[in-house]
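You will see subunit A twice below: alongside subunit B first, and alongside subunit C after that.
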Partner chain A sequence: MRNLKHLNWMIYLIAMVAIVLFLGSGKPIKIVGLFFVSGLAIGSLYALGGIGIVVLYRATGVLNFANGAAGAAGVMLAWQFADWGIWGPFTWLVAIFVALIISLVYGRLIAPLLAWREPVVKAVATLGFALIILGIVSFIWEDDPRKFALPSDKIGVYILGLRVTVTRLIAFAASICIVIGIYFYLYHTKVGLQMRSLANDRDLSALLGIPILKVETIAWGISGVIAGFTGLMFGDLIRLEPFVITFMVIPSIAAAVCGRLDNLILVLIGGLSMGVIESLLTLSQVFKGVRPIAPFVIAAVVLLWYQRGRRLTFSGTD
Partner chain B sequence: MDSGLFRTTPSGRAGLLFALFAFFVLPAVVGGQWLKIFTSTGCFVLAISGVAFMYARLGMVSLTQVGLMGVGGWVVLRLNHAFDLPFELNFLAAGVITSGFGMILALPALRLRGLYLALVTLMAAGGFEIIFGTFQFPNGGEGFWGVKSSFSAEFRRPAIAQSDEAYMRYTIFVCALGILLIEFHRRLAPGRAWALIKRSEAAAMSAGVNVTLYKTWAFGIAGLLAGISGALLAGSLGLLSGSTFRASESIMVFALAIVGGVNYWLGAIVAATLFRILPALLNDWGLDADLSFVIFGAGLLHAVIYAPNGIAGQLMELGSVVGNKIEPVFGRLRIQNSAAKEKTELSASIEISDVSVHFGGVVALDNISASFTKQVSGIIGPNGAGKTTLMNVFSGFVSPEGGSIGIDGQILTKLAPHKREHWGLRRSFQREEIADDLTVFDNVLAQLDGMGLNPSQNASDVAHALDIVGMSEHSWRPAVELNNFERRLTDVAKCLVGSPKVIMFDEPAAGLSSEETDKLGELILSIDKHTGAKTLVIDHDVDLIAKICEETLVLDFGERIAFGKTSEILSDPKVRAAYLGVEES
Partner chain C sequence: MKMKTLPVALLALVVFAFTGQSHAATKCGANTGVTAKGKPIIVGGIHGNAPPGDFSASTDAAKAYFDCVNANGGIHGRPIDYRIENDQWNPELAAQAASKLVIDAGAVALVANGSFIEMAVNAGTYKKANIMSMAAACAISECFESSNIVSTNQGPLPSNLGATQYAQEELGSKNVGCIGLNIPNNGPWSCKASIDLMKARGGSGSMALLNPGAPDVNSALLEIISNGADTILMNLPAGLAIAVLKAAEEQDLRDQYVWIAPTPLYDLSVPKALGKYWDGKVFVNAELAPFQIGGPDAKNWKAVMDAYAKPEDPRDTFAQSGYLSATFFVKMMLAMNPKDIDNRAKVTQAIKNISGYRSDLMCGPYYVGDSDFHMPNHAGYMVQIINGGFKIVRECYEFDSAYFKPHIAIEKKLGLR
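This part shows the complex of A and B:
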């Protein structure tokens, strides 16, 4: 069984390397490196979004479509404060704090009403919450070209001959650090143990006397903070528009699916490889126009691969 | 039952009235830009009824309906600008091609369900968004993608619907047809099959339902509706833009289908009205259309948490309170019992030879052989003995590594699971598998759907089976109203229809009182008299087995520990040890 798990990893890595080599063949190594690095930056954004989703899904069984909306609300408020001339670091903290509060409000007030419903219903309900936030945020900040910039945008370093802004490096480093941090949290603290137990079997965990409310609240909090940080990165690196940031949750879910909504390291690898392949598709004449499709195709293939040979005969969990 | 196909319900009559109103009155009173807004609302009614139907009938969440609309729109525009065919032909082609795309989406649905299926469809929606965003829609340009930037060629509307007003009527007419298509499906074999699949795929398969076919079919219908709705939208606007078909719109459409209420025609209309007319009204009143998101979201949360039938459900409830006072009593068609069916004589034995099943390192069945010759036989054993696994080998849910099961010259283990039902194998499950959405009668009738027999014969067969189990007077009650014992009896009736040869009951007495268990025991004993089928009863309630089974197989940890006459078996020291433990001396 264990070997089989590694086999999946190996197949995935080999497939990714093969695609990269195929797309990069015949092109100067410098160009390929350039697109590779910029792909890692996009990919780390997908991975960040996916990590926030998976942390929450494992602990609470809720796939949160509202993560993007919470991030959008945070970064819009940060922009507003910056526009009023308030000190930068404070506005960033505000963004993260707003996303945290939004996440906790849902987690404490609304999610308990749906605790016993099937996962897909829980996911659909978060969609409702996402729409409410999106509506309010777009109402307050009407369509207008805006720009949210972090000071790190102006500092660049050269990697493989490509100038990379420090913001991108932060996004990349953060996605790796968050995965490592959460790994240690899950495996070396008591609350982490309780989260793993909840992820494994919620009903049994309840019987064992695990303080579900407390553990879930912590999970909502962690995912809220990650959503706030991700929102800042999206707002800076992609576009400062509530609608766009809210629905960046879709490629984030694609990254989460790569890790089977379970394994953070796979989410990270999935997200990064999606970004890299998306970026390298620019080199292909045929697929240049449709390169943002890469995350969806990869996620769909991974999902189907995981389910191969499975039969749906017996009713059970999803 | 075909006589039920055209029966009208109060909700149906209200729907037809509404359609007439929308057809004759609405286009005449609205004007200007509202004609187009109402027409596009009509298109979305059609698309939304597709997703709503998938969710209501099969519990499947499709988050790509608007993407499929895009496919329909693309096809109709492509054909319009490439050939000189009339609108109707292009329109049908769009429906059929999109239906094909829908069926491709059904492939993952055969292996996935619930959240994961929703996510696959979401990935598809993301893909459609990118493709339409990149390539845009044909507007008369050169080449396959047919896009030119400056100006767009003319779109030919149907000959009978050139003006905006006539086109709105055209759309409403197609909408009504689409909703009727869904309703007819619901009332016929596919509806029964879907209800069983929604309840449990295992139960559906053992009832002879071809799960693959019916799931694919459902996706095909949803795709067809999406395709023609996209084509109608293209006809209304003359050209389409990629931004109409984003993944977020697909998500929104699903959300609104829930808000509207997936079980009613009115739900799709409420949903489409919220989706298209509300933002236009807000704009008209000088309010920000973004506020409609807040209303959608709040409506969705409200519907998911408190109102599972949506706004339409609440309206219909209100309507039926009023309606009950004027509703004449509609006599139900009663079917006369035909003369008791002659029983099929079956004297051959059930031969289980060397059946082995392993799950990883666990031995579930280890070279089990037995030959049941009596009409009612039992299989007993403690928990984990392999009883249910053996039954699953019979049903075809588990393929044995070795050995076979033969009955009456037929090697059962060679047939596909749903074909075994056609051959004459019936089973019940530990949980009774009665679809809540169907009546008692339809639940039993669903068992016969896959067999392609004569409908009137089927109806009398079902009535006869319900008579045997004593459920005739409850035939027309929806299964959701039944108590546990009535559900169990209905489950038994399902096993009796369509010339069964072998019937298996998996712990049929679980959860029944001792009085009910006695009645059930007598019923099982009478099966031979009525149908001639052999019966296998699995239980760990030794009392029931002792009372009704002549022969019994005892399993423990996947091994056969005894087989023979029930009374002798039960006094066998090995059996007593397995059940009661060995006394230390």
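This part shows the complex of A and C:
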């Protein structure tokens, strides 16, 4: 088993090096470096989104398509408050609070009604919820040029020739910190143990007396806070358009699939790899047209690779 | 934006109710002050309004003008029944909308259409049905290269050319990098014209294409920079262009390049959204008269919008072009024999006969003609984003490109030159 893991890592490293060399061939190293760092920057956002999705999926079995919409609602309200001149840190907290409330409303009121349905039904229900949130947000804030900026945008450091703002570094660091934090929470706390138990077998967990509603509410809460933070990052680093932020959940799910909706470290690596490959594809006249589908092709390849004779990702019990 | 405009609208309503003050004087159609009666003349309008974009400003403004016309004698005493459909950026819905208006309702013409989708889907339908679309918010090639569509707005190609020409002549640009949408009849089509212009003038150019929902705009920016561009042309909707400028701001690229854009960045919300960093550094082509130009039509447009449009309806370039299309349509209909105004074939012919209509909102004359292409508006203004607003840096100027040779030939034939 350990040999198989090592083999997977070896194949991954060789594939990444080969891709970087192939796409960067004939280009100055400085240019390749610029695109590489730029890709890491966007990849960290895919990873951040993916981590939020996996955290909830592991505890509740719900693949939440509404994460992006909750983040979009939060950051739009933060922008509105900032536009009215309200103190910046308060607006950021508002963004996180709004996403938390949206997540909890779904987690407490709607999700329990679907608790015994198929995972696909649960996922589609969250997509419907996402579209409702998006509709409300689009109704309140009509299409208009806007920009959401954080003070950390003003400070930057140069990495391989590319100026990277502190906001991007925060997004990157947050991805790693959330992975570490969630790992310790799941493996070193009682609620974490209960979450893992729920994810493993909800029926059995209920029989064992695990307070399902309480544990799931905590999971939805954590997911909401991550969604709020992710929304702030997307609003600042991608653009302040609710539609775009809402559907960032799609490449984020591709990153989550790279970790088989289970392994947060793989989600992080998958997201970063997607960003880098997508960015480096720009260097190829032949392949730059396929950039938008790159995350999904990568996710499909990873899925096929891992599914060799193993359990199905979406059923979890095969 | 609703949260901003709602209190303002309520306040305006209260003030209006208590003071009894009327709106600024409007001038619409026959301007008789008598409400039109009788059998309505059916006119259609199709816009796209769904995330990620709202192109309804043109039909909003046309509706406001038609309402004003109906309150002022209509068309030979008869009201205009203006029916608006939303294609929601869906080709199937766009085809259904055209079918509903052109075949089921029997509209005599379409006015102020605005969409990314509708024109590509329905150009053939309009030709087959022998109906003219006097569009107002066009963004794709089919809108300008079809027999039965003519628009008052320029679309990206001329507006790009205007910005590129100004940068080459005034800002020392030698290599223009155009970042456009990865939509064949929009981005590549309109970027290519600017690259050709630079090549014709001894310079060079390249393009990088972005998907409308692309999260990573920085790669397109880096691609253009790695191509050796000294000037960045942001041929994008305002939201994406702001994202590109934000990515450039992150990397502190402002002073190393010239930053230009076509009309979408000519929006009163843009200077505030960009912030002080970009003050005085971004140059934008305006395809219709900038808002500070207060000619008779510009004043009437504002008065009509205040009197007949909703407070939250945008007062932007598309609203100007929608108003213009509606005024030209009404002028043409009033000049027709009243017996013919229900006859679609005769209305279509009358629209094709339009020549030499002028407005202070447009730099050149408006005409239609009987050809497979229409682009009457190919001159404009150049403005600079400065002090939280826009400053005119070049008054009306005609755009120089081989693309306009056939258009200029028609203008000569019509005696407009």
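What we mean here is this: the second predicted complex is superposed on the first by the 299 of 318 C-alpha atoms of A that agree within 3 Å, B and C clash if a C-alpha of one lies under 4 Å from a C-alpha of the other, contacts with A are read in each partner's own complex, and residues count from 1 in each chain.
Quick note on the criterion: a contact is a pair of C-beta atoms (placed from the backbone, for glycine too) under 8 Å apart; a residue touches a chain by one contact, two chains touch by 3 or more.
In this text, all values refer to a predicted model and were calculated from it rather than measured experimentally.
Taken together through their common subunit A, the two structures put subunit B and subunit C in a clash.
Once the two complexes are overlaid on the shared chain, A:Ile170 sits clear of subunit B and of subunit C alike. In the superposition on chain A, A:Ile238 makes contact with subunit C only, while subunit B stays out of contact range. With both structures placed on the common chain, the touch criterion links A:Val290 to subunit B but leaves subunit C unconnected. In the superposed model, A:Ile218 makes contact with neither subunit B nor subunit C. Once chain A of one complex is fitted onto chain A of the other, the partner contacts of A:Phe247 extend to both subunit B and subunit C.
Contacts of A:Met76 after superposition: neither subunit B nor subunit C is touched. Within the superposed three-chain model, A:Ile136 lies in touch with subunit B and out of touch with subunit C [touch as defined at top].
When both complexes are overlaid on chain A, the residue A:Asp153 reaches subunit C alone and has no touch with subunit B. Looking at the shared chain after the overlay, A:Ala123 reaches subunit B, while subunit C stays out of its contact range.
With chain A as the common frame, the single stretch of subunit C that clashes into subunit B is 96-104; none of the other options in 6-14, 42-50 or 96-104 do. Residue overlap on subunit A between the subunit B contacts of one complex and the subunit C contacts of the other covers 134, 138-139, 142, 243, 247, 251, 289, 292. Of all the residues in subunit A, the ones that touch subunit C in their complex are 27, 31, 34-35, 38-39, 41-42, 45, 80, 134, 138-147, 149, 153, 156, 162-165, 168, 234, 238-244, 247-248, 251, 275, 278-279, 282-283, 288-289, 291-292. On the subunit A side of its complex with subunit B, the touching residues are 1, 63, 65, 110, 113-114, 117-121, 123-125, 127-136, 138-139, 142, 243, 246-247, 250-251, 253-254, 257, 289-290, 292-293, 295-297, 299-300, 303-304, 307-308, 310-315, 317-318. Of all residues in subunit C, those touching subunit A in their complex are 1-3, 51-54, 182, 208, 211, 213-220, 222-223, 226, 238-240, 242-243, 246, 249-252, 267, 269-270, 273-275, 312.
Put simply, subunit B touches subunit A in their complex at residues 61, 108, 110-116, 118-120, 122-127, 130-131, 134-135, 199-202, 205, 211, 246-248, 251-252, 254-255, 258, 288, 290-301, 304-305, 360, 397.
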